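Shared between the two complexes below is chain A, which pairs with chain B and chain C, respectively.
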Partner chain A sequence: MSVTQLPNEHYAALISADKSELPGHGLAWLNSLREKASNEFSDGGFPSPREEEWRYTNISPIEKSQFSLATKAGAVDADFLQGVLLDDCHHLVFVDGFYQADLSSVGELPEGVVVSAISSGLAEHEGLLKSLLDSVVATEVLGFINFNTALFTDGAVISIEENTKVDKPIQLAFISSEGADLSLSNCRNVIMAKASSKATVIETYNGVEGSCYLTNVVTEIVVEPNANLSHNRLQAESLKAYHMGGVYSRLDKNAIFSQYNYTFGAVLSRAEVHADLGEASDCTMDGLYIGMDHQHIDSHTRLNHEQPHAISNEFYKGIMGDRSRGVFQGRIIVAEDAQKTDAKMNNRNLLLSDHAEADTKPQLEIYADDVKCAHGVTVGQLDDTAIFYLRSRGADEEMAKNMLTFAFANEMVERIELQPLRIKVLEQLLKRFPQQGMKIEWL
Partner chain B sequence: MLKIEDLHVSVEGKEILKGINLEIGKGEVHAIMGPNGSGKSTLSYILAGRDGYNITQGRVLFNGKDLLEMSVEERAWAGVFLAFQYPVEVPGVSNIYFLKAALNGIRKFNGLSELDAMDFIGMVKGKMKDLDMDEKFLYRAVNEGFSGGEKKRNEVLQMSVLEPTLCVLDETDSGLDIDALQIVAEGINRLRDPERSFVLITHYQRLLDYIKPDFVHVLAHGRVVKSGGPELALELEEQGYAWVDQKVAS
Partner chain C sequence: MAASNENLKDLIGQEYKDGFVTDIESESFPPGLNEDVIRAISAKKDEPEFLLEWRLEAYRHWLTMEHPEWAFVEFPKIDFQEISYYSAPKSMADGPKSLDEVDPELISTYNKLGIPLEEQMRLAGVAVDAVFDSVSVATTFKDKLYEAGVIFCSFSEAVKEHPELIKQYLGTVVSQYDNFYAALNAAVFSDGSFVYIPKGVRCPMELSTYFRINAANTGQFERTLIIADEGSHVSYLEGCTAPMRDENQLHAAVVELVILKDAEIKYSTVQNWYPGDENGVGGIYNFVTKRAECREENAKVSWTQVETGSAITWKYPSVVLKGDNSIGEFYSVALTNNYQQADTGTKMIHYGKNTSSTIISKGISAGHGQNTYRGLVKIGRKAENARNYTQCDSLLMGDQCGAHTFPYIETKNPSATIEHEASTSKISEDQLFYCMQRGISAEDAVSMIVNGFCKEVFKELPMEFAVEAQALLGISLEGSVG
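Take a look at the complex of A and B:
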């Protein structure tokens, strides 16, 4: 079912405006791709809540806000940047949707490995971009994706050479500057892990606290046979911002793909994580989302088991406080040919307030007969007995609750193998649930 | 130190404690025995401040202050400690962090500064050694996956770290093997002090072989039906509780 609605006039005007400043203008194939996306958007606009998949995501505040297109990168102060960059990584920094060479440091890479911005590397890597762009995205409701395809200003092109291991993680840091208030940015990333390669990519999203902007980002990923790619996403936007993010991936035979998704920021956010699983591939999807105040956080995952013998393990945890709302929609589709599929999905939610809400919706569509599929979802509250126990030992009530909430989240943090990322996630957690006297090595 | 006067408690309309009177002086050890379901754990939870009970009558004074008016943590800060009959598992919270948070809460209340991490760990490790506990328990989640006996030992570890003045131990001896019982009893005896009192809830004389009580009380059907010296426990061991029931009936 597809429900169309008239696109918001403001955004329709943005998308039909002159695109000659966008990277790749002059490349016929890219122009026609942008053109097609632009036309589709003009017909359909942003998704309406009448679309089943968008039932819980009310994007009308985005329409009302009438964000303008960011046209250049604003200034980012050194301390802010320092707080965003992870230690010991190859860094590409994008500000307000534009690559900033002077803030980035790619450093030494193994032979044949590409880590570049679209804007600066297009001439050299056109073939790579052309082969990947719009090749993996497959979903019914394309509003934000079309908007991105038509208007993306920059993003990363990454290719990991065959049989090559990139030791240090590659961080793509997306920053919204103070000057980006009331504007929107579109970045597009393409990542190719060639056969038997191994790498880690971390996308981080940060903005100046208090500013209101929209980040609309799409990442497309191909993991070739026997390659192993870890893809991480830390969304810590300003709490007034909007974030629409998508990760679309294709796993070839025996590929290993791990996607870790940590969501803390934005007043309204949606993360779409899709994977098409080839034969005997192995896909992990882990997520942690924490909402406070009036935040609305959507996590939508889709695992397409298209070929036999693939394994998927999905585990998402959510904590909703105050008047926040968390939505988890996890779809697993097992095609008729995908015999011996082994798929596990788990979503656990902790509600901290009577006014908070968690909606969890696992959807299993199984067309093969010889498969193992398990799913479990829960929505619960802190255990009163445990609170009593902690208080009876001298922790005050707030402390006891913070300890237990932290503990609930920490199960996901413990799974983060990358120490610098783990520390960043911990910082976000501790900001929300302070732990007096906690030593990180005790976790 | 502790004075319980005519305490009546009910749960969901059912009266469980029906007028308890008990006075515990500084430095004393009181044993409370009694049949299953007589209200021993209920009494211990009331002292610790657990929710869900209806206190319909009576009062409890702790060092002259109204204990029932105090929040759970205020009681802990003031020196009340309950070793649970069924210690609670707290997944995701490490034992060491739990102990530190608890001790700092209490120290803060008493106007003391936070203990330095190194000093703290050194102190805790010393107490673990006394209780023959492996140091690896420090980094495990509180009670999670602990065996019954390990949980009980962990309760006594917490007690020796927090150094409360009123220790209520609810069947801490249950589930301990013979060697563990001796180690735990020694741990408790080490804490004995003229300023510290103990309430030992137990079904067995063997704990009292190690920790000699000053008084023994029999709780039955929500009342203290008999009080006496250590010899009362021996009498119960021989005769069981049948005679208590006869006594209540008459």
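Take a look at the complex of A and C:
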């Protein structure tokens, strides 16, 4: 099925370059893992639009831009950092792919809970990293994952102890500094929620507006029996940047996993969210993507129902303005053994401009008979009568459209339980669709 | 439930009723494909130069193409050099002047199938251009159609009698380079049907062609071209059965529909080719390219298909909505039992303003069947106020089968309204229990529920076909309760 192509020369050179500077060099198991990924990348390269899973997203601009690996973190403005960090969280800050201890504040954690960077905590948490790294990712098209495995410079290691609840959210802030133009950052995160634990992790991606860089990040998550993990992702990269992000998770028996995905930034971005569902597990995948200008936003989700009695709920909303293009590809796979599965997928798209495009591909692949699976998709525009009503009440056309668009998106915003995150998402929303007289503090 | 399951198994195990081989001396080419074979086919059919050139272009292009691998079907690699590309019942060479001269064996074949030509001639209402293997042997009701100005004949006849129409329309909907199997068809097609409905004519009867695949190892490469000129209307029926045989037979047909201003074509298919035995041995490969083009304003096309046969069904009857206000419809029931595989659906490509399309797809999987709906809805930049409604439902019977839904929705115009819904379920025990406590046997109850599930599609079929389709479902399915 997969079409292989040779990697672009520039990236082939990057991948075969000396890796002695990378964290964990000297660990035989990690070296061989990186070696394997390098070899596979050399054979396959980045995915091409000829591959079914990539037919709507052409990553050739990434190949043409020839990003090179950042070698050290640049300086980050204090105000900028302040704007990125969420209140009342445990913070780990990564700049250009490197952990910045002085900018981070992990604070106090319950006993047995690990929140650390790979670079600084490798010696202490090697076993944990070894057990998790490359254990969850599995997809037919591995280009960006292999590239990440071979070259990751840093990332977070998180482990939540059994029967422990971490009250405050853990924020992993990934920032691209002003000096990061034409550089690429490769971070790898591993998150383990042990049995009956509960925690919330927030990944945020920000960059200095106007700079062009590539973020290629992979997060692997294991949710053990009865554990409850909420994973949030706020992508607000520079509008000239490229973002390739993956979240790969495995849910054990009775695990609860909620993944929320908010995409606003980057000229070309793709978020892969995959979950393998264990028996009677419960998985939620929500997303909101808003594209303006020439943005191309691809959300790619996969729910693997491998065991019986699992429940999944997926709801993605997209707003496409200007010349942007939104892509949603959702796939639910129900294996033969996964009887009594209950899976729902929904994708709603709003097109605001004559030049915008929405491509959506919701897929069901079902091998078990006693299941409930449904998906729904809509693509449409703002309701003329609703606009007329608002105008008859004195709103001008722009205001009326902004109000209705905001309301369309707000359904997803209201689902966010974490107040600080909700405010960040609202900020992004209001930046694009200003609401007259509306203040964030009120919401 | 256990007892009823037994019954169901018996019913699923029913043998293909139309399986028999008529022994007629076929004049076949030896297996193999090269330019000489194509020249020979063309020469045998006494074709004009332009058609031979067209075939050769297609063949040369085909050589550069790769076999498509994206579909959700599995089958061993086809060796195209092992297929014989021409087979005609020998008695054809003398050219029967009337039905009496037709090989009696042929007639009895049709009798076994329950479509006696004589009777149909008398019954009127349906004109049959029966295609036995690759050459049309009997055409009925030509005169009546001729009076109306309708041209309904075999493709090779049309090439001789109406070369200007062929030249004007052939390959304008499905070009000879379109896809792997369409290119192959263009190179080697042996015969098919040709219909032309002139301006303002409402075809006085439903046109129907029965296709049969007969000689062993002969790929059937039919080509159908239907042109509905301004303001005309035609309903076309296509039904198929094939004899039982152990080797896989390839069927790669091409159907082109051209619909001009204010015209309408209704194309109905009941496909019941040999699906292979209960172990998945044998059966027809049905790889067909069907496409309609609503070329001008207010054109309408409606595809209705009931696909119960074939080992592999791989086809997407499509509509290109070019003309403003044109309408495309697709109604489908696809059933897979035993080891059958189906990857079918439609493409609705909206280019004109105010175009609308409806897709209703019902997939039923039983046994080890794999049933995939794959459909594209594409709204072009200029398709103002385009409208699409899609509903695809799957019914699963048994825990060994699969039902898959792969819709592709691409929208480039904000005024488009698109709705897509899909659901997957099994026959609920409650429904079954309700029927049974009212004294309805398990298999009747299942048949009733399945027919109800498919009703939206069946009601689109012409009367005779609807009856046939229900009976087909009955035979192929009755009793597959999960």
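Criterion: the second predicted complex is superposed on the first by the 438 of 443 C-alpha atoms of A that agree within 3 Å, B and C clash if a C-alpha of one lies under 4 Å from a C-alpha of the other, contacts with A are read in each partner's own complex, and residues count from 1 in each chain.
The definition used in the following text is that a contact is a pair of C-beta atoms (placed from the backbone, for glycine too) under 8 Å apart; a residue touches a chain by one contact, two chains touch by 3 or more.
Since we're looking at a predicted model, the values are computed, not measured.
After superposition onto chain A, partners chain B and chain C are found to sit side by side with no clash.
When both complexes are overlaid on chain A, the residue A:385 reaches chain B alone and has no touch with chain C. Of the two partner chains placed by superposition, only chain C is touched by A:370; chain B is not.
Residue contacts after overlaying the shared chain place A:393 against chain B, while chain C stays out of touching range. After overlaying the two complexes on the shared chain, residue contacts for A:435 are found with chain B alone; chain C is out of touch. Once the two complexes are laid over each other on the shared chain, residue contacts for A:407 go to chain B alone; chain C is not touched.
By the touch criterion stated above, A:349 is placed in contact with chain C alone, chain B being left untouched. Figure legend note: chain B and chain C, brought together by superposition on chain A, show a least Cα distance of 15 Å.
Overlap of the chain B and chain C interfaces on chain A: none, as no residue is touched by both.
The touching residues of chain A, counted against chain B in their complex, run 384-386, 388-397, 399-400, 403-404, 406-408, 410-411, 435-439, 442-443. Every residue of chain B that touches chain A in the complex is listed here, in rising order: 48-51, 71-73, 75-77, 81-82, 84, 87-94, 96-98, 100-106, 109, 114, 117, 139, 141, 158, 162. Only residues 1, 52, 336, 339, 349, 351-381 of chain A touch chain C when the two sit together in their complex.
Residues 69-70, 379, 381, 394, 396-426, 482 of chain C are the ones that touch chain A when the two sit in their complex.
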